[in-house]
């Protein structure tokens, strides 16, 4: 398997990586009437909760098994059981999802066994509430892996094979690189072809900004348990993001529903592939407004490409989002100076960059010198302050701007908006040379016709 | 050893909560037993880091898997006027192999890398649950590293699972007492030297107070820990007076410094006009008691007169508009009473305050101020708050960022009074800023709009 | 009638106003297979053309009667006739629209008479091509007036009364304050209720970025002549913008189709009124995605209002767009420090601002001192450079950024995007105080609790 | 009077186009009769303003209705290293009442307001069609205002309807000759003083040339008009040599200055390596002819050697990639040949050039360079260009912003070589920048993507 070069430091400095259980919680938050829980110290939950609250600007339901030192050494099942019982009694969720943490994984926690035990001991709960127990140790993988593992566990635990097929229904496995806004746009595109979509997880209806009538300690909105159970009746699964491959395979194994994988939905040709697939599966013509959106994107590429050619851009994001941004930048003629991911992934193999690295924000800062633009999460604000480079915030977490959940970069329209956003940054910085810029400067040689320009 | 330290903290005689307990209760410790599936709040590691990280020129290295630092760095609003190194997140990011084989060597290597790259005056090394479980001896590694590298390398032994955030605060205090305070001598001392303990300089709000101390002629020997410098904290034992800002968090530092170095301390608040004045007065009086010239008191009183007059004048226009507006205060500790007094000074009515994280003494203060009838909620569940807000029992809620959506989703104004806010509320200028923020939020016309149902409903 | 205070200088400095014929051309550009023409010197056309090319980043069909000095003195009919004949022969447009200029209006040009004469002399043209002749003198009114007068002339000249009614069809008179992107969003909302819309003019299908198969010297896309002719069969006219009142009245007079006027579509309550009207006229429930959009906007207002309260914003735009922005800012708790329009309009009456003025960019610059944000067209870049204030570009012309035509601020979604855009500027500038900000400064008194805060 | 001036311009003996005409043709004037309904291009006012507005410290006041300035200000890329006043749009914004009653008083008031507010060294006042029609006597008002205000107030009598942009350029030249040049004496003169005429410093590109002149020791007495200063233009008559950049636009200035002040001139270009070198050589040679020390020539040759070597070295990597790429040049005037030579130097193939705005001499030059077979299009209709591009006859089009969409909609690369571009192409650095821009655009991967049909088609 492809492995990207990995930073070899003992000290990770300004981490880019977030933990697996956080990704697990994110996946569970896209299920309606669900309560996610971390099997660990209450601090594990508190950190994850705060981070998600800051990013989504939403109340986040997330519980903890509240392990202390003694319980950890004795083994965590008792706390796990107590937590599930309490959550069930207090909040009556339809789904309870429990992700392990580093703490419980160090001793080793057999979540399959725990689930079986719990079911036996508490059928009054497990008959009325779906339970998803997942192993997501903090010390392997990262957010994307936790998300993928949890989606797989949801499929394994909840989906049932179906005898019949609903001809206009498709499944969407929406990876963690998609915002609620992206998911909304994707559903919109799918519905334009007369299809209905079961989206797992569906953050667009749970984290887009619901206005509940009353206080609720579980998720409000998202795909329902019933919809998940019925995914076997769909005609096709659209797996969005390389990390949705495993869940898609699990779903296919279990139900026989075939899948198409879309490694990205950003960019003209990427969007073309997706729209073509929808046209094919639905047998419907492409709607007029989508055709217009395609024209507008082509137009935007023509109008905007001037400002992209050979611009140097550094990107640090979770693997699938990284691949999407780098791919788009490449499409537009930029040079990706640095592509940094927090974890290994097959998605990295397709990235073309001067430097491709699994590393942290410190590595990223070093590699970003001389770039025209930096694209990363909000943590990069510290390094761009030092670099003096503009920052476009993308991915998780984006805690110092409004609307992180509503950022849309997928499809023709999302791509066009992204193109204008980045293009305008380049344009604004290209603009208006002053007399002192034009001093006869031998260093200009590096700028024009330097080794990279000629590459 | 950690067990001993935890017990020592539980016995803290300076802690008002402890004093109210029986011997047996005290043994059990401060931390309430958590209910799995119905708990909230940070862990001891979180508390330790909150207390120490504002020491801005030190490196803060978290020894643990990615969750501990990766999910939490860069999330607090403590400001520094000098080094920004404290904002850099350092962690050993333990892998599965590290968990299997132990990570002491990796930890040493990480410390060495940091010292070579950043040359900080000291490195704080935070133990967390996973390496504690596998038996990594952080204290030994730190000692070894300190010897090898010729720098203070300070173990902070407060893994998350030993208890609450509050316990972590205290363990951080013990760390400073054991490893930092008293390890250096100041170049000069003056009769006006004080330490400020337990102020984290959130939103840079201490900079609203410092100019007044400058004007008084008071010198801050060390800040523990907001806007703090490691080497200044190391000289803290030479101060004449300690001011303790948050009554519970770092009480052990103040008390033990009194014990060890004979430095008297008082608890004060920077919130609200009269509390602010009391604080300045206390500083002046205690310094004079410890030998400072008496004209300090005259000078201080003049400053107080001028500042109070200015503050009341600036508060006047708001008072009228805010008269009778009802505030629900959902915070803890010193803010549970200091904010009450500050807000009532501006004409607001406080319908109640949460006292979950408040000490017995805090609660006594509230009772004295407000009488027995006043609402003090020990445990206020989100659903209860939501109900109160929907029933229009309050016009505005003041709390921390995590609970904001209880108010906002109920379409009730809310103001951040905790660590994520971007406005400083300390000092005379701060109280005006606080009241202005409340006025701005209450006066915002969105409330009518967002409360209206969609016209098709 | 309400009159806003008017700047009383002899020298207009850094003009905000643009000319009537330019507005006329803009209206004509939203008609399919149309060729607009200015009756004046070729320079009149050249300036207008360049300005529109720079804004829309599109080829703009716009001709000239190419008047010279002698012809002007002798009277312009001959050139007008020659121009129409040439345009017809060369380009075979379905619609030719001619707007007068200052040059031809100084002598006085009877466009009604000219049209009658032309029809009589050239039935071979006027039988095959709709002719719209409009008086749009440069020396009265401005862009918005020229746009409104031309839409009225199109209605007068082209719409025919209808015997029958198409029950699910509505007319939209889309004012000049709406971008092609706004119009696209509006159609999308209307179609969501199962309605079809005849949009006059429809810039979304002509200036959104078409990719023609072949070179075309007329407009490509826009409302068709046939659709315009049939506007009398619609059940309702939605007039968007105060300056669409007169055209709406003309349409009602001519066809009996009643109209509803929407002074703005930006803001929660403004969007509510529009959606309510669509629900009423269609008898359909509000679509789920529009309901979600409303929730998301409410959520955005709750999350974002912190950053808007008492922010000082200065706005200079054409009247209806000015009213829309000022209204939204007011909704969000901002103080509008200066509202400057280039021309008088009844739309100005509703604006609440510290200063409301009909004036130029120089007046605007003076009134913008101390503001947190400036909203205006690209010309304001000069003044914000001097003021050091961030500029949000809106309205016409926006020539130094990509995507001016695709800016969407209408409806729940457009409002939410605008809210995030402005909120993030405030947020970014509020952020991160440093120690030197906190010096004990008596001037702070003006900041907190000054006369305006207490107002 | 305006009629006389226009005729005088038509007779301009320095104008190569005129020299090729019969007496009768010459009487008809340069401007082709425009075809109503099929014309394009700017008016005389536009031309005059383009030529004069780059004089950056003057105020430029447009006397007319809003269309003339409101639709056109702030639309050109001339840059100034000093005052930015030229970027301010001034107009009398005539109203209907002004048209009925005449606007001479308003004009005077406007001039006065501008002088009081901005105190510029001079005000240029542009006449436009409407006030010309109603008989406003701009020349008289300017004279009156100049007397009253003690400043040069200069009438620019080129209303749009008298003719083309080109005519306007020349009328602007006459304005400078009649009202500005020779009205002041320079503080010092040197044997190295030159004027640069007809360079507008678009995208600040003259700043790519100036350092070379500085190195030669050449002093620019005045820039006419890019980056120009009014008071320097007024002293232009004391220069030793005039360089004329754009062959047609301001030829009358160069020729009449030769006639009046005996200043020799040459036409040169800053585009392309060899033309740039020729220009430096010409400046040096002419200055030496006029008495400058001869070592100027040696110095110049050394600079040329060094710069050429550097330029060719920098162009080398592009040459290979660009070899055989076909360029359609759709511009006019001096660029119709100077760009050809510049681009061929970089290995590009020019398939043809438009010569609509080029002089007879320009065309001769092209013939000499390229032979008779070479495409020179007098009238190239947009539809023709579109066809050529769709038929892949060119790999890239170079033109001005207005025609860009002919290329872009045909999915063919395009580069702005006119006034709206943001990259300077002048001098040795400029040609490298130009070639880099072409290479960047040709190499951009969007072309394959945008040319593919939608997959459902």
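Letters A, B, C and D mark the chains in the order given here, with residues in each chain numbered from 1 onward.
Operating definition for what follows: a contact is a pair of C-beta atoms (placed from the backbone, for glycine too) under 8 Å apart; a residue touches a chain by one contact, two chains touch by 3 or more.
In this text, all values refer to a predicted model and were calculated from it rather than measured experimentally.
Asker: Taking contacts as defined above, which has more of them, B-C or A-B?
Answerer: Most C-beta pairs in contact, of the two: A-B.
Asker: Based on CA centres, what chain would you say lies at the far end from chain C?
Answerer: B
Asker: For chain B and chain D, what's the span in angstrom between their mean Cα positions?
Answerer: 66
Asker: Using mean CA coordinates as chain centres, what's the gap between chain B and chain C in Å?
Answerer: 53
Asker: How many angstrom between the C-alpha centroids of chain D and chain C?
Answerer: 34
Asker: When you check chain A against every other chain, which residues touch at least two of them?
Answerer: If we look for residues of chain A contacting two or more partner chains, we find 57-58, 211, 298, 303, 431.
Asker: Going through chain B residue by residue, note those that touch at least 2 other chains and give them in order.
Answerer: 409 - these are the residues of chain B that touch more than one other chain.
Asker: Which of line, ring, star, complete or other matches the graph of chains that touch?
Answerer: other
Asker: Could you pull out which chain A residues touch chain C in their complex?
Answerer: Within the complex, chain A touches chain C at residues 57-58, 184, 188, 204-205, 208-211, 289, 292, 295-296, 298-300, 303-304, 307, 400-403, 406, 416-417, 419-420, 423-424, 427-428, 431.
Asker: Using the touch rule from the top, collect the residues of chain B that touch chain A in their complex.
Answerer: Touching chain A: residues 34-46, 61, 64-75, 84, 87-96, 98-99, 106-107, 109-114, 129-130, 132-134, 159-165, 382-383, 386-387, 390, 401-402, 405-406, 409-410, 420 of chain B.
Asker: Can you list the residues on chain C that touch chain D in the complex?
Answerer: Result: residues 9-19, 21-22, 37, 40-51, 53-54, 57-59, 63-69, 72-73, 79-80, 82-87, 90, 101-103, 106-107, 137-140, 142, 211-212, 214-215, 217, 361-362, 378-379, 382, 399 of chain C touch chain D.
Asker: Report the residues of chain D in contact with chain A in the complex, numbered from low to high.
Answerer: 79, 81, 203-204, 207-208, 210-212, 215, 227, 310, 314-315, 317-318, 408-409, 411, 422, 424, 429, 432-433, 436, 439-441, 443-446, 449-450, 452, 454-456
Asker: Sort out for me which residues of chain C touch chain B in the complex.
Answerer: It is residues 268-269, 272-273, 275-276, 279, 285-286, 291, 294, 298, 301-303, 305-306, 308-310, 330-333, 430-435, 437-440, 444-445, 448-449, 453-454 of chain C that touch chain B.
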